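Next come two complexes, and both contain chain A; in the first it sits with chain B, in the second with chain C.
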Partner chain A sequence: MSATGAPTRRPAALVWLRRNLFRSPLDSLLTIVFGAVSIWLIYKTLSFIFITGRWEIIRVNLRLLMIGRFPEAHVLRLAITVVGLAGWGGLLAGFIRGRQIRSGRVADDRFTLSRVLDIAVRLSIPALLVLLLLTLAQTPGPWIMTGAAVVAAIIGRAVGPFLGRHTFGPAGAAVIASVLAAVPVALYFYVVTAVGFDDWGGFMLNLFLALCSIVLCFPLGVLLALGRRSALPLVKLVSTAYIELIRGAPLFVLLLLANVALGFFVPDTLAPSTSTRAIVVFTLFTAAYMAEIIRGGLQSVPRGQLEAAKAVGLSPVRQMGYIVLPQALRNVIPAQIGQLISLFKDTTLAGIAMGLFELLNVAGALPAQADFRGQGLIGETITFAALMFWVVSYTMSRESQRLEKRLGVGDR
Partner chain B sequence: MTDHEDTPAVYADATAMTGSGEAMIELEHVDKFFGSFRALGDVNLKVSSQEVVVVIGPSGSGKSTMIRCINRLEEHDAGRIVVDGTELSNDIRNITEVRRETGMVFQSFNLFPHLSVLDNITLAPRKVRKMPKAKAEELGMELLTLVKIPEQAGKYPGQLSGGQQQRVAIARSLAMKPKVMLFDEPTSALDPEMIGEVLDTMKELAASGMTMIVVTHEMGFAREVADRVVFMADGQIVEVGTPEHFFDDPQEERTKLFLSQIL
Partner chain C sequence: MRGKLVTGATSARVPFWRDVRVLQWVLQLVVVALVVAFILWLYGNYVDNSAEQNIPTDFGFLDNPANFQITGNSLSQSAPVSDAIYEGLLNTLRVSVAGIIAATILGTLVGIARLSNNWLLRKLATVYVEAVRNVPLALFVVAGLLVVVLGVFPTIQDAWDLAGLSIISNRGVAVPWFDGSGSGLLLIGLVGIILAWAVARWRRSVSDRTGVLPRSGLWGGALFLLVLIVGWFALGYSWSLPEIDGRQTTGGMRIDPSFFALFFALVIYTASHIAEIVRGSIQAVPKGQGEAADAVALSGFQRMWYVILPQAFRIAIPPVGNQYLNLTKNSSLGAAIGFYDLTLVAQTTVGNGSPAVPVFALTMIIYIGISLVTSVIVNIANRRFTLVER
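For the complex of A and B:
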């Protein structure tokens, strides 16, 4: 206050600082200490990334990090698969949008400025990562592949709504659905017939292990959750025993068991490949956790919902499928996605436990290469691996928040 | 009505119907236990086609349990329950059959929060009656017009007021074209200003000839709409009569006590 009583106007920034950072002596002390630590950490990180870090090891070994020892002769198949998947993803997204328009849930498919901006923000971090990887690439191949993938995705997205909006009768719908479902399977066989599972590696392997396990563990988790609540004693017993048994064992031990102990039961010639075993273990393991999460979701649905479903005459399967399960699943989206993110990161354990040449295993092995031996470059390679995992995990997390909002969790 | 002077058991009243005379619902010697607690004891009631029966009584008297037994939300332990000629047994087909013919409106609405208002109504006709989508939606809009909220079709239940939600719930039950409607305290969870709109809907339904059993505390509704009033206490039917008889000239001490407490 000035002597005349007129309020002195301080700059808004100063007021903000005062209020939020220097309100009391203790606040000020904390601000100074943590401020100094943060600045030091940021400085160290930035200087590592831009000055002291020697990223040559990443540049030289980029292919190894991304796809492991995948034979060069068949890399083209991989590129075609990526482009195919991009197109398929676009088609699926467009198809779903078309369906929503048909059912009146969405008004139109116009790409307004705000929608374009929204998509840009959503894609920004993965896109930045792809750009970073492309600048590290030493051949034009990845650029061509990425360009083709983007084009394929856009074409798919443009065609999709048309397919979704028209009915084509029940037979036509069945054909479209089965073609859409068959594409990823066909692409998988396209790759795996040329290069067996055990030659896959790098980040591709992490993604593939996680993707397969996610797709497989979800239905299994739902069945186990329903089984544990079943009125049939045997079903309940088996489900409960399974869940408790699996949750009682460390994932690492299960992976080791699958790698070693399977040989006791199955002759070598029949034994599935190491990657297949890893997928089986991840699926069985995560399903047990998913089952408990979903069971929590089932319990969160009020009893009256089931009663109303019965009262309108729905059969028991439909009571569950149309009324209880949809509400249960959306009530526990955050926990489910958390479990799936955890699964994705745990794919690194397959490297150590089973010797799979996944990203972390590659990153750990690179500093021992002849060209880089004794230079202590483990920091660089591990940082790179961490970045890859962070971007994918963060993207999953953000998409889950988006999904939650769209499904209106919380506003009943 | 039989003469009350020489009526040893009130059940004589309970089984004497008004309405068309054709029995739509029959309860004979129905018992229901929750553990060792007897929720229903030897309940006998016949409801004829197009009759409106209002069930009143203190809380815990078994009113809700009784109507929840009629569509098998609760399983009765002894006696017979017959709905439109189908006796409820453990056979799931019988249960489903009865539920299709029986609409139920709950105290807490129990609309499906993840479905739009229209989808709430069309789900059962489409999945159970195999009605084509377009036809089901036409029916849904008709019913929403009947309950006077066609403009809410695209909204979700959470966006509606309590009174509107309960009217949607009534429309949802009617979509299965039931022969009987059960109301389990349909206005008890509503704010006072919304009770009227729901009761009006129910009055129209009664006037259209629907067979109804209504558990309620709305004595005005009972007096105005009911063909018969059933008074329950401690899991038993204590007294049955026309509204005039029931409110103006109750016979049983228990009934008189209850009426003196609430009126």
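For the complex of A and C:
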């Protein structure tokens, strides 16, 4: 304070430092201690990434890490599937946007600078990962595939809005819906007829297990949730017992049980390969958690909605199908994505419990290769696996938070 | 609508196949019949297949010799399987209880740090939470053993010696421990807690009557320490420090590498989830509470400890209880790195020839039992602490 009484202005940076790092003696102490810790951590991380880490093992085995022992001859099918899925995803996104425009929820579909920037920021982390993987790849194949996938997605996104904005009759809508639903199924069979998914592996297997199980568990979850809220005591008892028993048991033990003992319970034709067993266990397990999430959604729908549906004379099935369930499911989309993330992370358990050749298993096995044995490279491989899981899970949870905000403020 | 129809509906002439009550019961019976038939079908297959392969379906295997040893345990090879399962259960409970305590403390601190005024602390906590909770737990467990313990920790010859208190090497971590029976010490601790609780209650009632400061925490804590110290010397306990003895450590307690890795993986992973719950709960406490604390000139610590946290914990109890359940169930991952918890004991006995289905059924029942007990405790705590409104 100067003699004139007017406060002297300090530089903004100093004010910021004082306010955010050195507010009190204790605060200063914390800043110094944790500052030292974070500098040490950053130093260690950077030196691991750029100096001490020997990443040759990743570069050499990139294919094993990503797709396992998928036969060389059929990799082209995989690439075509990826491109097809990218185009399909773009088409779907464009289609939904077109519908929104038609119903007046969104004004237009102009890609303004701010929107492009927003998309770029949102996609930056997965895009960086893809770029990293591409630079590690030793053949031009992945580059071509990625380029084609991006082009397909953009084309799909450009075409989608026209389809979405157009009004179709009930028959036309049914055709479009079934075509959209058929594309991923067709692509799946395109790959699986060449290489059954028992020979899939690597990160691809993790993604596949999670996607399959989340799609399959959904109907079962809805049924269990409705059953648990049912007025019929026996149905309620059965649903509640299933949900609570499954939620009380560890997934890891369930997987072990399915691996060793499923053959005792069902005929051999129904006790299929390890991958299928894993999918069955993940589905049955996640359905119980999904049921609890959906039950929360059902409870969040105001009673008046159901009463209104009754008042206009809808049948009980339609009350549920047209009025209550759509609102209930929409309310819990973020929680469902959370469940998908945790399921995705749990797919690593299938590697440990059942010996499936998924990413963590590959990462654990690589340091024992003849070329790399005894060099202690487990840190490098596990870091790579962690990075893959982290990017996918983090992106999903970010998108889910964004969705949550949008649904919260949206059109309600 | 015609009046006739309305009156007709209330009469008893509704045919039974259109009576809603009958239909509902028929539906339920069909569902139950299907479920029961399915279970019976599974059970029939199981009995047939077992009989075909001469595998027993009863629990007689519990009395057979276990034929394996549990690391760090005096269990002999010839001990029955039931003893091995009991030891496995104890190991599961040990790592779970220790993990729950540590994860609660770490998670609470990180959750508070995420809302700190200190920029650096806030960012560090955010990085920790976002980095950890998006990576599978199995990865932490495996990395904890293979990368940290076996990769980073030194060999026993040049072990890290932390001021003579603990010795860290890739054979495990040795920490100071007491000599004497553990259950005796547990009993002393229990007596101490009960006495402390009683004296704290008494101080509060005195405070209610006379208005003097209760200082119940001080009284209770002091009494607890007193009981502990008196009991320690009365029963002849003493400390034992770990020492390197050739290729081993003696004295103290040696924490097995697999326990160490599993414990830290569970704590680090679960704490990131608890931190998010704590942060959300603190933010859910009405803003006016913090402002009121500021208005009566409480210090930052007092504001947190006396005003914000008690209310935040009330909100946090159910979701944190869920995390405790998850931690307990996730401890089964110890089997992946050779920690002899319930799961690995079950796996090993099955490998040694015990029938798979009864063993895993028993394992599952024990886990479900632990879950039930935990959720009952959490529910009691929740009911005890829920704000009773008019």
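Here are a few things to note about the model shown:
Keep this in mind: the second predicted complex is superposed on the first by the 367 of 412 C-alpha atoms of A that agree within 3 Å, B and C clash if a C-alpha of one lies under 4 Å from a C-alpha of the other, contacts with A are read in each partner's own complex, and residues count from 1 in each chain.
To be clear about the criterion, a residue touches a chain if its C-beta (ideal position, glycine included) is under 8 Å from a C-beta of that chain, and two chains touch if they have at least 3 such contacts.
If you're wondering where the values come from, they're calculated on a predicted model, not measured in any experiment.
In the superposition on chain A, contact of A:Val312 is made with chain B only, not with chain C. When the two complexes are overlaid on their common chain A, residue A:Gly304 makes contact with chain B while staying clear of chain C. Shared-chain residue A:Ile341: touches chain C; no touch with chain B. In the superposition on chain A, contact of A:Ile119 is made with neither chain B nor chain C. Annotation for chain A, partner touching more residues between chain B and chain C: C.
In the superposition on chain A, contact is made by A:Ile323 with chain B only, not with chain C.
The intersection of chain A residues touching chain B with those touching chain C, taken from the two complexes, is empty.
Only residues 71-73, 92, 96, 99-100, 102-104, 106, 108, 110-114, 123-124, 127-128, 154, 156-158, 169, 172-173, 175-176 of chain B touch chain A when the two sit together in their complex. The part of chain C that touches chain A in the complex is made up of residues 24, 27-29, 31-32, 35, 42, 45-46, 49-50, 117-121, 124, 130-131, 134-139, 142-143, 146-147, 151, 300, 329-330, 332-333, 335-336, 343, 346-347, 350, 356-357, 360, 363-364, 367-368, 371-372.
Chain A makes touch with chain C in their complex at residues 19-21, 23-24, 27, 30-31, 34-35, 37-38, 231-235, 238, 245, 247-254, 256-257, 260-261, 263-267, 341, 345-349, 351-352, 360, 364, 376, 378-379, 382, 385-386, 389-390, 393-394, 397.
Against chain B, the residues of chain A that register as touching in their complex are 104, 302, 304-305, 307-316, 318, 322-323, 326-327, 330, 407-408, 411-412.
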